[in-house]
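Some notes on the structure that comes next.
Note that the chains take the letters A, B and C in the order they are written out, and that residue 1 is the start of every chain.
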Amino acid sequence: MVLSSLLAPTLLGALAVAADSAAVRGGTVVNPDGTRIEKGVVVIQDGRISAVGGPDTPIPGDAVVHEAEGRVVFPALVLAHTQIGLDITNENVPVAPFVNVYDAIEPNSAEYEDCLRTGIGTVHVIQGNNTVIGGLSRIIRPLGDMIDAMTVRADAGLKVSISPRSGFNRMTQLAELRRAFAELAAHVDAVAEKRFEEEKKKKDEKVLVLPDEAARQGLALVTIDDLDARWRTLWRVSKGEVPLFVHCDRAMDVMRGIDWLKEMKLLEKTTFVVGSEAFKAVEALKAAGRPLVLSGILVHRETDPVTGEIKETFVPKVFADAGVPFVLQPNGFGFSADGMLWYQAARCVREGVARDVAVKAITQSAADAIGMGGELGSLAAGKWGNVAILSGDPLDQATFVDRMLIEGRLAYERATDRRLKELTTGQESPPAAAAKTEAPAAPAEAPAPAPAGDAKPDESKPAGDGSGEQN
Amino acid sequence: MSAASIAVAALLALARTGSETAPAVAPDLAAWQGGELVALQAAEVHLGDGTVHRPGIVLLQDGKVVAAGQGLPLPAGGRVIDCGEAVITPGLVDAACQLGTTSLFGSAEQASEVIPHLDTADAIDFFSRDFIELAAGGVTTVYVTGEASAVISARGAAVKTAGPLAERRLAAKPCVKVTLGPESSGRGVFNRQPSRFGGGASFANRRPTTRMGAAWVFRKAFHDTIAWRDSGRPSNDGLEPAAMAALGEVLAGATALRMQVREAMDFDTTARLADEFGLKYSIEYGTEAAQRLDLLARRAVPVIFGPVRASDSNFESFESAAPALETPKLLAEKGIPFCLTASDGSGDGGLARQAGLAIRFGLDRARALRAVTVDAAAICGLDQRVGRLAPGLDADLVVWNGAPFDDASKPVLVLIHGRPVVDPQGRFRKENS
Amino acid sequence: MQPLVHFALALALPPGGAAPAAASAAAGARVAALQPPPLALRVDSIVQPDGAIGPGGWIVVRNGRIESVGGGAPPAGAAALEFAGGVAMAGFVDVATVLGAGGQLSEPARAFTPEIAAADAFDGDHSDFLAAARTGVTTVGLVPGASNVVGGRIGIVRTSDDDGRGAAVAGHGPLRFTLTEEPFGGLRAPTSRMGALPILREMLANQKMALAGSSLVAADTADQIRIAVETFGAAGRPFALLQPARIDEAIELVTGKTAGAVLGPFDLDSSERDLRVSSLLAAAQIPITFTANGDGNALRLTAALATRSGLEARLARAALSATGARLLGIDGDAGTLEPGRRGDLVVFDGDPLDLAAQVQLVLVGGAAVATEEEAR
């Protein structure tokens, strides 16, 4: 497992070598900050954007040109926190840093297909919130049949929950969390002491210090391979090598979480994943200054115990008013309705959040939250060539994703989206119209075609039901 | 413009930012309740029949629309509400609402499969929060449809979603609902699981448990009714005279018939049964209508279509059928009379969202508006009361802070009988309930 | 003070005491023939019929009835008891209890059982009644049918008989109805409010049911209260509401339409919203009374909590006895300390709303209720 995940970047590198260039021409290039270029040009070379400009921007002669006349050219969206593609979102062991979503991701999940259809170019797959310490996560492109080829970044993060997992109370939760790190420290000490003694033995020296001192001096000698496999991930976490996604369901958990992260000196490595009530800790979250992923449920409801009146708070508005950037998640997942990130952003605008803030929440802020703000989230030279060509304004409900480019390669085309026709008209199109693929490399494989015959769209989904875990 | 002119535009702008700190300068909207003539001006006024005035004016008095159009004389000395860039539409009408009843299953009468003599109005909780949510979403009239767990269910009831209790009920043409799909057998079984004495429901203590059984219950009830009507013979199946009297009204055409149909095959069964008894009917929900467009067009059967949901799972029916998303567009193209329903959805799953999804999937905007206003009212026989902004009709209207049904728009002011029930801050005015 | 009083009581009321049993006319006549000496109680304060605490004086009880209230001196030959610091009020009336029946007052076979009378399930020897009497409750309603739309007639029960041991039926009260969801969901028709209301309307319109006084209608939510107002209003039937928790949402609807409301029990876990209902109803001039299944201490706690949440103390005291008697239709006979009323009274050593106040003496029909100590 470890070997494969180490290999993954190498494979990617190999794929990227297949030099190719592409350009999107003639559309209105729109960026999350609101800037627009009419009849703009986006040039992508070797998967990276080399130029964004007006109609006069030079296009390399060998570039595959995608005409976007009358279309809106927009950065592909980033899904910063999701369990799509995982059949079971959490282990039933509370502390499981030794697992890796690498082993669980189902590349053929219908949700990945829906990602392309709804403009999502990058997906961070991480375990759910019903845990104390979850496993390693992975950033992928929702495209391809093999997880290694889909991988954008392995070991992208690790889930820690401050809020109690099912069956725990808050005290147990924190106690388990502390105990895990204490056990790690004890294990590392034991290994360090052993390594110190081995080192001395090698040099034929006598061990003349107390065990504590031996452990202290031996620490520098410890490598990850010396550790028990169960503790390796957590050791990397404790050294700040793996970003944390810290779930705080309620405002009270935010306070506990920040305290604990400061104590562990891990606050700077943290992205917060918060529940709807956590808006009450807006000031603390603002002071922490870390990325913030909101729950898909945007409205927090509370019943006044005295009057029985239900008070509703539109959560993103609270953070927007406080000037705290946030990331949106879809409410559920799917093509038709609330499962779309666009819809969540449009709801924010409806409730008075500034448009650029709402749009960044599904692009730039989302990229920032997974540590890829420099690569994703907007159309700019140097960034990755993940481009959504839209039929209209990003937040207009009648807008469709017309085409998707991922790292410069055509990954989706509405005109050949067979399943879309099934979803919209209830009629199946003949297999001959199956999604078109553009040749160059493996990741550009079109989504798995729908099974033939009389299957209904939903029946082609994997059998797993998520077992009702919290996500 | 008169001295009483109120710049709602500024308030609408505030509402758009949704600021909690918006000053409490909401115009004394409650003062509108009198017999005073009020004019609302807006950048766009949709009358509901397809006509749009840009800009437009609506004149209201005593809870009714006096006039709506362009360049109307403003009331001298009366109140003029300038809604600025906002858009006014008629209040929305949901023709097959399942909200507002006393409880999910508590409203279902399980004692008989044939209960057309009962009135869904008796199951409505007028204080239900459902109505607040509906009103906040711009829905001003709902036809609460019969519960699906009886084969021949109760009459539906038309109600306003807010306002004084005395004004909440509307007289609609009586309409009995029939469910042949598995909701009357499948859901019925679920529903009838005896809660107190253990044991499950079975063929021994209820029927039907299949589609065939449901069709049998339907046939038998109408046969018994005809025999009772023609020769006074009582039902040997225990049908109450009151139930047979109600079915007699259906046979005579005095009471409308509505068939809840989701799966394609049930469209066929419904047509067959209706022909056997010479019945006219409308279709409720019509989930798989896209697969029976020709049948529906040939018979000109009105379809109350919806809802389209984010999730494929369909709790109501235990059936996985998800509607084809372009169904409204296809119905319109085929010339089939139809309207949209959100069923038990409100808020982000409400009727405005259904209209928005219909637009997303190809229905033109004007037709989408009709499908949630005048066409819905017409299918319920309520179009002389609600559904349009026309003289003499109820002053039920919605002021939107952008294009109606856009994902980024919402109702900022909702009037029912000329009374504001949602104010420009988007908050529900409780004192009107 | 306690031992002294009981000492005096022992002197004044020889064993087999002479108070009358008012349960039947025959018994009343028999007792009257015995011509027992009147009983005179001296207290510092007397709770007036309107619930206000008025000046004290002598209260004279003769032949099981109150002869005079507030006199300056006891009549000659009376057995006299003096309660320094004592506050006397009419015995508590709890209109909605299931005392002595273990809750078995519903007939499950049918949803409409107007012919049922809770008094038929009455067990006069049950210890519940004595326990109730000792806490100051002198009259209770036995209410049938929480799970029936029409449950049957309420039994009116005096918590203590002349020998201070058993309880006695004093008559049949009004019918009890249930408009909550409780009657539905079982294996019988109808299973819904929608199915039940047409039947109920027909029954009310056809005068099928004997309806003494105000029907007692259980309704919880605002909408159930609306149904009560509409259904009973259309039939011209007076009604009182039983435990209408969400009546605060329907105050305008019921004002002037209902004979009263039975609230409680409240305890320290009750929500402020629930506690406020009492004062809201009082402000709307809707009579209120409390229920706590016949436990006088719980009734006082209920009343005290309602007072803390805004109910005028005077109305809280009236709610403990006078209003309940009115709703049961026995207000000419019980519920207030006035000459001619039954000798149902309770003496506390302070304001009954003060939870520290202790019961000093309970008379039911003029007979003293034995304390636990005495009973041993």
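Simple rule for what comes next: contacts are C-beta pairs under 8 Å (C-beta built on N, C-alpha and C of every residue); 3 or more make two chains touch, one makes a residue touch a chain.
The shown structure was predicted, so the numbers you read here are calculated from the model rather than taken from an experiment.
> What pair of chains has the most C-beta pairs in contact?
Comparing chain pairs, contacts are most numerous for A-B.
> If we define chain centres by averaging CA atoms, which chain lands farthest from subunit B? Would you check?
If we average the C-alpha coordinates per chain, C ends up farthest from subunit B.
> In whole angstrom, how far does the Cα centroid of subunit B sit from the Cα centroid of subunit C?
48
> Any idea how many Å lie between the Cα centroids of subunit A and subunit C?
Taking the mean C-alpha position of each chain, the two centres sit 66 Å apart.
> Subunit A to subunit B: how many Å between their CA centres?
Comparing mean C-alpha positions, subunit B is 40 Å from subunit A.
> Which residue numbers or ranges of subunit C touch two or more of the other chains?
Touching at least two other chains: 246.
> Enumerate the contact residues on subunit B facing subunit C in the complex.
Residues of subunit B touching subunit C: 102-103, 105-112, 115, 117-120, 122-128, 154, 165, 194-197, 242.
> Mind pulling up the subunit A residues that touch subunit C in the complex?
Touch list, subunit A to subunit C: 305-308.
> Which bits of subunit B are touching subunit A when the two form their complex?
15-19, 129, 288, 290-291, 308-312, 320-327, 330, 347-349, 353, 356-357, 359-362, 401, 405-410
> Using the touch rule from the top, collect the residues of subunit C that touch subunit A in their complex.
Subunit C residues touching subunit A: 246, 271-273, 276.
> How about subunit C: which of its residues touch subunit B in the complex?
181, 184-195, 197-198, 221-223, 226, 246, 249-250, 253
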